[in-house]
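Shared between the two complexes below is subunit A, which has subunit B as its partner in the first and subunit C in the second.
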Partner chain A sequence: MKPVYLLFLALLPIAASAADDAGHDIMQKVNARPDGEQVRRDFTISTTDRRGVTRVEKTIAYRKYFGADKRTVMFYTEPTNVRGTGFLTFDYSAPTADDDQWLYLPALRKIRRISSSNRGDSFLGTDLSYEEIKKENKVEISDYRFTLLEETTCLERPGLLVEAIPVSDRIAEELGYSKVHYCIDPAIWMARHVEFWDIAGNHLKTISIDEVQEIDGVWTSVDLQVVNHKTQHRTRLQQDNIDYSVEIDDQVFTQPYLRRGLR
Partner chain B sequence: MKWNRPGARLVIRLLGLGTALLCSAPQGMEARFTYTGEANLAQESAADGGSHLVKFSNRLDGEFAAEAGAGWKWFARAAVSSETRDLIEPGEPDDSAVRSKLSRRLFFNDYSEFELRELFVDGYLNDVFVRAGKQQVVWGQADGFRVLDVVNPMNLREFILEDSEDRRIPTWMLNLEVPVGQWMAQFLWIPDTTYDQVPSLQDKARFAPTSPLFVPYPAAPGPVRVSPADKPRQFFGDSDAGARINGFIGGWDLSLNYFYHYLDRPAPYQTPSGEVFVIAPAYERSHLLGGTLSTVYGDLTLRGELAAHSERYFITRNATTDNQGILSSAAVESVLGLDYNGFSDTFISAQVFVSRILDHDPGMTVSATQSTTSLLVERVYLNQTVTLGGQWFQSLNDSDGLLRLSVDYRWRSHIIFSAGLDAFYSDDLGLFGQFDGRDGISFGVSIDL
Partner chain C sequence: MSASQFFGAVIRWRWPILILSLLCFLAIASQAPKLSKNTRSDAFIDPQDPALLDRDRVEALFNINDPIVVAVVNEAPGGIFNPQSLALVDWITRRLQQVDNIDPDQVTSLATEANIVGTEYGMEVEDFFATAPSTAARSEWMRNAIDNFPLYQGNLVGREGKTTLVVAELLDEDRAADTYEAVVDALQDAPLGAGDSLHVAGEGAVAGYLQSYIDNDAKRLNPLAAVIITVVLFVALRTLRGMLIPNLIVILTAGSTIGAMAAFGVNFYTITNGLIVCMIGIAVADSVHIFSQYYEEIALDPGAPAQVVTLRAMVKMWQPVTLTTFTTIAGFSALSATTTMPPVFYFGLFGALAVFLAWLYSMTTLPALLSLLKPKASRAFSHQSGKAASLSVSSRLLARLGDWVLRRPYTVAALGLVLAGVAGWGAFLVEANEERIANFKSSEPIYHADKTINALTDGTYHLDIMVESPDPEGLYQPQALRKIEQTQRYLEGLPHVGGTVSIVDYIKQMHKAVNEDQAAYYTIPDDPQLVAQLFLLYSASGDPTEFEDEIDSERRFALIRASVDENKYSNNKVLVPLVQQWLDESYAGTDLKATVTGDINVSYHWINPIVNTNLMSVLVCIAAVIVMSALLFRSGIAGAIVVVPVALSILLVYAVMGFAGVWLGVGTSMFASIAIGLGVDFAVHTTHSIRTLLAERSGSWEERLRPLFPTTGRAQLFNFLAISLGFSVLITSDVPPLIKFGSLVAVAVASAFFSALLLLPALALLIKPRFLSGGVE
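Presenting the complex of A and B:
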């Protein structure tokens, strides 16, 4: 073997390592993007099945940081048959700590403590997982190994394409993905277009953030669409009445408030 | 089967009433209406001929919310319902026997009724949440049976087949919730003297209990007379009161509960009066001390609930003039539940209910220990538009049980179709076996108007 090839082979791991570091750094910047100490907003969730039938649900949601930990509560307001359904999450910053989650079911008038191990499951019938709803356009860094693949365009804007591979089979099973491609807009450090592959390696779904607004100094996804390529099911998640300056009482993130619901 | 005229007329009236209320709702007031229609195909009891019957029922639920000023809000919920066969509560039930004046229903005729389900005002006094009025308060975490779900009485007109929301009878009470550090304390004062509504065998109600566990029988066949229950009526003196403190500590949801109350079912005291066997029910007081816990281990959620009663009243076969056929004892009820979320889109929940009479007498018709298990399996399909469910209750004492299957299809955002099967098994006169032959299939639709 010629010495020049030997040199190339010797440099390959260094180049791969540099790409890994760059990918990791980019996702760290995505996670460091300010998202407000607290926020109150309304969500409109539209799901469309393969026959074109669209079902619409509306929610009110609150989120607040308690130190590095994050608490989120969401209440369904429409339609009447799900009104009052509430979902409370304590998202702990420590990677080893499991989140705590509670679901309030108005038909039973009872709070059901739910396991957070189902983070890859569909969130209440949408094409987003519990994990994606919780992370809000951010990523659990410890779940993946990241690699910067190339400079590209995301929804017609300059972007960085980062590949994420789950760090273990167990994590891949939990999340339901074998590979994720994040197209990051470096101007605002937000993933604008994300492609997912399932455990078997099949193209699973695409998330695209069609509209972003700067509200109270926070870049916010106000219109997000998901297409599931296996089921042809679609989800559209729109946000409005977004307020990052509102004072939110700590009691909002408690079970009694979850039970009282919208009152 | 013909749709009878009262039922058809009522549906038209309900839809008209709903439309009128929607149009007349004042500004700032929210009004929501839901229509529920159901067709039941059920087996009649052998005593009624053993044939099949079809029943249609219609119901309109209305919810109203309005600002009361200073951050306080009014809320009201009412239901108008009708059915084409008068089998569940035959005739016009005598609500005065078990309900306070303000908690009674309004019957239009034998087939239709109106009930104010909730009416309250709530808001905050500094940190204290106050809710005053007719309402439901749910304690405990068990599904299916009450262990700590004792604050509101129940209407058992369809045993446990109705949704728990409809089974509970809302009562007038003052409900305060006070934050205490990381805990929340709740205080209840319930002057409403309303108790369980249990269908009567004398009225030939479809789900009237017949088991000797609950109904006393004379030693020798003969005439039986049931006197009206001696129902508490004093506003203050006969009030119930309760307190609960709950919190989330170290990954555990914990609560401690206390309730001083009249037991929701009267003790059926018996007096042989000449040749007539007289049953004279009377309501009795009891203290309840209990608690709940739940936590998560990976895919598993562990739930537990305990209720200790200072007094419970049981029928004895050894009736004497002194005990009047009733013996009392302290008793403990518990439930241990395990929920499993390890399969995608699937929820599995198993529960074991155990109750223990602490001072058991061999003459009691109830065993010292009563155990019932339940298993619930729910699976959702097509992005949660279709839900298949199965629930199985099994008494470990009497080998009887209940199997329930259901399917819901969310056809549109506002329209849900449903179908269900309820099957009791074993002809033992146990909790479930007493209703053997009361199996049924139902088809329904729920429309948010």
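Presenting the complex of A and C:
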């Protein structure tokens, strides 16, 4: 056992506040994990319903930081009937600012601005929320009180189990969770296995990152699975052709580019 | 072996028989705690019924379940669009999200839904409650928003704005009853504004209600029936043993029957409480006849020892008691054989078993016990041996009635004929109908909730049409969507259909929203790619399971839900065949397939055969009684005569139903068969006594038949009182079908008793059939 975990665990029985600090520090480390200034990648989104019927959608996505703000553009390539449909999103770092979101529907040949989604809303029909997609395996520290529970194993690797409780009922309702358990892999400071409970305390969903790769020095989740225990709906989010070193023109994150799309 | 030898053996082996009876009873009755209750409406349907299988398949495909619905009603001019009512909706939504077994993510109300509006630049998705509706202006904004959002009209919000629903889905539907109780508790503290009222409905609520009804009924009715019957036994027999031993036979019969039900995994249904009362009546009837004979034997020979008296009584009574057992078993078996409903099937089957067990215990345990007890005369029988002047009151009255009947057989027969005529007219007035909510008293909140919500919304019952395309994503094709739209318009034109919802409504709403909210775009797009992209757009903020009620994830199956305001057979029998015919014609020549389903369709398909086969069921029961009586008395005429009072009593039950406006439906369809099974006893006992009196006595037929009334008539009087008073206990039930069951069976038993006692001697005098006299004048 590495000394740093021994220290965390030794502090556990002493005082709750000390444990809170340990959990908080762990999540700070998770948030400090580099995720690349920009990235180009292909997503394969597979959603499976209760009956086991799977739909597969494929997209090309670009993401780039503009200071503390983040811009993302994503185009559908499959299935054919939605090919060219694009989403452009500006995520602002200021907590009070609503994100901006535009959509291009090729069949309509129009760009439509969509009012921002709630953080807890489902992302494009998947079992992940907008917040989880936006944070890319990180967490908004100010949303939760963290407690280090124990040293454990995450997906057969040594890990730290951190409990996160929303700081207020309002935040809990916004996110849709009353409790989250993050199992952090301290070797890469990434949550590999996350359990969620809904606002009434029912077991809601599990996210597990089955495969990670270090690409251009950035630890990246390449195969993530979510199971909703209430609806039995599942989502698999796979990434490939990941490139953190590619130069991405700022113009990519504009409405004209959204309209131009995949051409 | 003769009867005398048989009962001699029973008396000799009394201790082993008593121990064996007790052991058998304990072994079977010990299974009773395993019995599980089933109050769901589906329990009445054959699990293999195609309509039920179709509905289950559709419910699984579209994940349709039975939520608990809370309606906020405000019938003031502004309706629910005022700050207080809307705050109440918000409060209820949040409160329900905290109730155990309610899925907080599947509580739907104005407080959880968003308004989607197209603008010049794009699309605004704004939660209705993004800004708390604390002002009249915001409330008015919400009213306008709903007016422009057809998807919510008629279901989430009543079209006149007087009600809005909070719909809560359950995590585990098997716990619906407890959840309903928890919801009702949670709403006790609801901050009602001026004019606000709350109503709770839904299948969970209904099942929960019935379950507590059954428990309350079982706790009250069965002991009450036992007390009333004990009182009747006391009046009839006036001895302690006469009160206790028949009750013991009841306990042995009921315990063994319920234990057998549990052992075979048969559920305790809503109507099973009626079976218990039936069993009490059946078991007591056998005892009353045997005890009456037992006390007559003591009165005739006061010094005879217990074993002799018991033997004499059993030798005289085994035959009529066995005859009635056969005929009653025939009645219950015919009920089982002709029903399509599992609870009624088991009612008939275990009713027949109970009749057999009551007979078995009465033929073995009862004489074994009596032979152990020192004979003691009963005051009710002490002076009956010939001195008419000192007969008991009941015997004197019956003797007087007998004199009148025997003097005026033509008058009695004519009166019977007139009564049959009037009853026949009444029977024609019976209306075949069924409505599940009518199973509750109209004073119950659940009844009131159902009626209010259905009056103020499009309806809470569903007639569903599943449209199936041969290919995945086939439903993105505009022509398929137009067919669905056309089907919706057709359904909306039908009586009792308040509105319809399908995926087409969402597509049209999105099409309008991406086109600056122009009303002209509230249409199905011509481009299937645009349809697919609109779906994607909706999913941008929707739940992964957002559309699962409307379309499957392969886009092959779509569901059209028509909301119907009443689930009543008389409406459904018009609606369902009409829709089926329209679909057959309209979908012919397309590659789409349309299937009618939903609770309305299931109700129609399972009630239709019940109504249609009722007459057949009664005829089979009557035929069974005729055949059984003909065999037992070895005469075809006997069958025809025994059936007369039974048939008249059934006709009278239908007449009461016709005149009182009681529908012939699920529960009432079984009254006639049960009444035949119970009522035939009187005819068999009377016929058997007439034959015995004619054979044993001398003089004119009138003279020979005179003792019929104070002896057999008296035993039958108390038999009739025990059964009909036992069934009358059901009138105090909380479940209207059981109230009707109790009253109608009481009517049937009373009329069977009077018809048998009055008509049969009169007919015997008029016809003088050979099977009664054995050819001796």
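Please note the rule applied: the second predicted complex is superposed on the first by the 248 of 263 C-alpha atoms of A that agree within 3 Å, B and C clash if a C-alpha of one lies under 4 Å from a C-alpha of the other, contacts with A are read in each partner's own complex, and residues count from 1 in each chain.
In this text, contacts are C-beta pairs under 8 Å (C-beta built on N, C-alpha and C of every residue); 3 or more make two chains touch, one makes a residue touch a chain.
Keep in mind the model is a prediction, meaning the values are calculated, not measured.
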Do subunit B and subunit C fit side by side on subunit A after the overlay, or clash?
clash
Subunit B versus subunit C as contact partner of A:81, first or second or both or neither
both
One more residue to check, A:233. First (subunit B), second (subunit C), both or neither?
both
First, second, both or neither for A:126, with subunit B first and subunit C second:
both
Quick check on the superposed pair: does A:49 touch subunit B, subunit C, both, or neither? Answer first, second, both or neither.
both
In the overlaid three-chain picture, which partner chain does A:255 touch, first (subunit B) or second (subunit C), both, or neither?
first
A:202 contacts which: subunit B (first), subunit C (second), both, neither?
second
Touching A:98, do we find subunit B (first), subunit C (second), both, or neither?
first
Regarding the shared-chain residue A:108, is it in contact with subunit B (first), subunit C (second), both, or neither?
both
For the superposed three-chain arrangement, which subunit C stretch in 114-122, 168-176, 294-302 or 600-608 runs into subunit B?
114-122
Taking the stated contact definition, name every residue in subunit A that is touched by subunit B in one complex and by subunit C in the other, in rising order.
47, 49, 53, 55, 79, 81, 106-108, 110-115, 117-118, 121-122, 124-127, 231, 233
Residues of subunit A touching subunit C in their complex?
47, 49-51, 53, 55, 76, 79, 81-82, 85, 87, 101-103, 105-108, 110-115, 117-118, 121-122, 124-127, 176, 198-200, 202, 204, 228, 230-231, 233, 235
Show me the residue ranges of subunit C that touch subunit A in the complex, using the header's touch definition.
60-61, 63, 97-100, 102-106, 121-127, 171, 473, 476, 514, 525, 527-530, 532-534, 536-537, 539-546, 548, 552-554
Sites on subunit B touched by subunit A in the complex:
32, 34, 63, 73, 75, 122, 127, 129, 136, 138, 140-141, 143, 163-165, 177, 179, 184, 186, 246, 248, 251, 253, 294-296, 298-301, 303, 339, 341-342, 344-345, 380, 382-385, 410, 412-414, 416, 446, 448
Interface with subunit B, subunit A side, in the complex: residues 47, 49, 53, 55-57, 78-81, 83, 98, 100, 106-118, 120-122, 124-127, 231, 233, 251, 254-256, 260, 263
